[in-house]
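We just call them A, B and C in the order they show up, numbering each chain from 1.
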Amino acid sequence: MRRRRERLSRAISGVGVLIVLVLLWELLSRLVTATGSYHEPLVPSWEYLWSNSLLRMADYWDGSFGIPSTVEGAAPSYAAALLALTKASLVTFERVLAGVACGLVAGIGLGILVSTSRLARRLVAPTVHILRMTPFLAMIPLFNLWFGAATFGIILFVAYGVAVIMFIGAINAVGNIPKVYFDRAATAGAGVITKYQLILLPAIVPELRSSLLLSFGLAWSLVVAGELLGAQEGLGVIVTYALQFAYTGRVMIVAFLFILYSGISFVIVEALSRRLIAWHHQGTQ
Amino acid sequence: MDARPNAMTKAIVVRNLCVDFTRDDGGRVRALNNVSVAIAQGEFICVVGRSGHGKTTLLNVIGGLLGRYEGEVYALGKKVTGPGIDRGVIFQRDAVFPWMRVEDNVAFGLRVAGIPKSERARIAREHLDMVGLGDVKRAWPRELSGGMRARVAVAGVFASDPPILLADEPFGALDYVTRRQLQEVLFQLWQRTQKTVLFVTHDVDEALRLGSRVIVISNGAIVEDQHVDLPPPRTDDDLATPRSLELKHLLLRHIGLE
Amino acid sequence: MTADDVSAAVGRRGKRTLRTRDLGDALTAPAGVVLFLLVWTAVASRLPPSRLVSPWAVAIDLWNNFLRSPRMAVFGLGETGYGELLLYTARNVLIGFAVGSAIGIIIGIASARFRLLRIIIDPIVLVLGTVPVLVAAPLFLLWFGVVPFTQVLLVAGYSAIMMEIFSQAAADNVDPVYEKSAMTRGASWYQRLRFILIPGVAPEILGGLRITLASAWGLETFAEILGAPSGIGQAIKTLTNVNNVAGMLACVSLVAIVAIAADMLLVVTNRHITRWA
C-alpha cells in the first residue's frame, strides 16, 4: 500500500513538473518575439501551436476521403490536419514495428547460432564490435544509397541497428546461463532439441528483455533520424518540409508526437514483456 | 549535557527504550518494547535471540544508526543522537571498502581523525599483524576470502580504538572453522584492550563461548540476563560441563528451540 | 586462516602464466578482423562500384583525401581534407560530451541524495529521453543556425541526460552499509562524499561514459548532415550528392576508427581507475 501511495505521489509531482514546464514555455514564447524567415515565431505560444501549426498540418493531406486538400485551394481544416498526422504516424509506426521485428529475429537467431561454437563467437567478435561502434546515424546516407529512402530502406536500417544490439545481447545471455542447468538436463537424459526448447530459450528471456527495451528505444531514434534525413512519407518528412520554411511550430508538434508515441509504446512493450519473465525476480519489480 | 551519576560508571545505559517501525502496508510494528539494560565498562555482552525479535534494532539504536526511538540511551554518559567514534561497529554485511587497499581500510578511521600518514601506517600495520594479515596489507579486498575480509573489519575497528564496540552478527556468513578462528581473534583483542563489547548473535554456542554476560531478546523484550561464570579461555570441554549445559538449555528454551 | 589463504591472496596478485588457451584467444582477434575484411572484399567484388567498393579502395580514397580534397570545395566546404573535417567533428563531440556529462553526473548524484531535486528532475529526464534529443536537432538548427554551437548543444544535452540516468542509478546502488560504516568512524559529509560516494559510483559512471560517448559520435555526425559549417557529416552529405561510395565509406570508416580508438582509451582508463573492482 505504501508503494502504491509512493507511485501516486510520484505521478502527481511528475504531472506538476510538466505543468510548470508548459507554463515556462508559454512565458518564454511571450519573451522571445523573434520570428523566422516566414514570419513564424521562433518560440510559438501554445495558442499559436493549436490554431496555426496544428491546423496547417492539413497542408500535408493529399485530399482523400472526401476531405479536400489545401493544395487544391480548400481552407485548412482540423479534420484534414488530423488525417494527415494519422497517416504519417501510421507510416512511421509501421517502420518501427517492422524494423524491430526483423531485427529481433535476425539478431537473436544469429546470436544463438553463433553461441553454439566458441571459435565462431571469437572469430565473429571483432566484426560485431566494429559494426556496433560504427555510429548507426552516420550510416543513414549509405543505407539511402543502397536501399532507397522509402519505407523499405528505413525498415532495413532499423532492422540492422536492432539486430546488432540483439545479437550482442543474445550472445551475452547465452553465455550467462548457469552451466548447472545444462548439467541437470544432461543427467535427465535430455536431447539437444529439448535443451534448446526447455532451457536455453526460457533462460535467456530476462536478459534479452533488457536488450529488447534498449533496442526499442534505439529503433525510434533510428526511424526519426532516417525520416529526418530525407524519407518520403512519415512524420519526419513533415519536419523536413517545415524546416524549409522555418515553421518552428510544426516541428514542435511532430516532436511532441514522437515523444508521446515512443513513450507509450515503450510502456506497453515493458508491461507486455514483463509477463514473459514472471518467474524471474526482475518481473516482480 | 546530561550528567547522570550512575551513567558515568556504566558504558551503556538503556532505559525504557521503545522502537516502532512502519510496515510496507502501513501497519506499525513494535520492534523493542520498554527495554532497559545497563552495561558496565569492560563487559563482553552477547545478545541472543531469534531473527526479527529486536537484537539488531537494539544494537542500531545504541550505535546511533536508528534515529527515532523513545526512551533514554546513553553511551559513556552522553545521550546517543547519532553514530560516533566512541562506538565502533562491526557490521553484519561486508563493509570493507572494495576501493581501498587493506591497510587503507584499517587506517580509514585514523585518516578521518586527521592522524598523519606515517602514524596511521604504523597503527594499521600493528593491527593487521594482530589479526594475522600482515602479509596482505597492500592487497585489494576482492583478492581476499570472506574470512580475511572479516579480519580486516575487526582490525579496522580496533585501530580506531573506540571504547565501545558493537558487533552485529559479524561472523554469521563464514564457515564454521573461520568463525571459530575469528571468535578467537576477537576475544584475544578484547582481553588485551578491555573494551566494552556488545555482540549480537543468533548462535547460542558463540554467545556462551565469548560473553561474560548473555542477554536474550524475545519479541522486543529482554527475557533473560545471565552472567556467565566460566573463566576464559573457554574450551569446548568447558562448555560441556553441567552448569554450562544448564545455561545453554535455558537459552535454547528462550529462543524456542526447546 | 592458513598459510594457504594468505599465499593464495598474494598469488592472485602475481603474474599469470601464459596458457596455450590465452595464446589461441589472442590470435583469434586479428583473425576475426582479417575475416571481416575478407568478407567485405568478397561481397564488394560481386557488386558494382556504385554500390560497394573493397576495403582497399576505401583506404586509397582515405589516403588521397585526408589532407586536401578538391571535392569538398564544390559544396562550399573549401579544399579541406577529411582530416580537418574530422577534427571539427571530434572537437564538437569532446566538448559537448565533457560539458554535458559533467552536468549530468553532478545532477544525477545530487538527485539521488536530495529527494526534492529528484522529484523535479526525474519527470523532466523521463520526458527528455533519447528520442526527443534527435527531434531537437532541427529545432536547434532553426533557433541557433548553422553554427558549431547547434551540434555541441545537441551532444551536450544528450550526454547530460544519459549521464544523469547512469549517475543516479550508480548513487542509488552504492551499498548503504559503506556509508554507515564511515559514519561510525567519524567521517564528515565531505569525507563520506570523497571516500565513499565517489569511489562507489565510479565503476557504473565510467561504464555509462563509455556508452554515452559511443552514441555521441553518431549524434554529432547526424547533426552535421542536417546542417553544419563543417565536419565529417558534411563530408558524407557532400559525397552522397555525387554518389561517391568510396568516399562515403571512407568517411564512415574514419568516424568508426575514431570512435573505436576513443572507446579503447576509455576502457584502459576505466580499468586503471577501477582496478580494485
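Here is the rule we go by: contacts are C-beta pairs under 8 Å (C-beta built on N, C-alpha and C of every residue); 3 or more make two chains touch, one makes a residue touch a chain.
Quick caveat: nothing in here was measured; it's all calculated off a predicted structure.
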item: Other chains in touch with both chain A and chain B; value: C
item: Chain at maximum distance from chain C, centres defined as averaged CA atoms; value: B
item: Leader among chain pairs (count of C-beta contacts); value: A-C
item: Geometric centre: closest chain by C-alpha means; value: C
item: Centre-to-centre distance between chain B and chain A (centres being mean Cα positions), rounded to whole Å; value: 54
item: Inter-chain centre distance, chain B versus chain C - centres from mean C-alpha coordinates, in Å; value: 47
item: Centroid distance [mean C-alpha coordinates] between chain C and chain A, Å; value: 21
item: Contact footprint of chain B on chain C as seen in their complex; value: 1, 5-6, 8-10, 12-13, 175, 177-178, 180-188, 191, 195-196, 199-200, 202, 274-277
item: Contact footprint of chain C on chain A as seen in their complex; value: 10, 13-15, 17-18, 21, 36, 42, 119, 122-127, 129-130, 133-142, 144-146, 217, 220-221, 224-225, 228-229, 239, 242-243, 246, 248, 251-252, 254-255, 258-259, 262-263
item: Residues of chain C defined as touching chain A within the complex; value: 25, 28-33, 35-36, 39, 51, 119-120, 122-124, 126-127, 129-132, 134-139, 141-143, 214-215, 217-219, 221-222, 225-226, 232-233, 236-237, 240, 243, 245, 248-249, 251-253, 255-256, 259-260, 263
item: Contact set on chain B toward chain C in their complex; value: 63-65, 82-85, 87-89, 91, 93-95, 97-101, 108-109, 112-113, 132-133, 135-136, 139-145, 147-148, 151, 156, 160, 178, 181
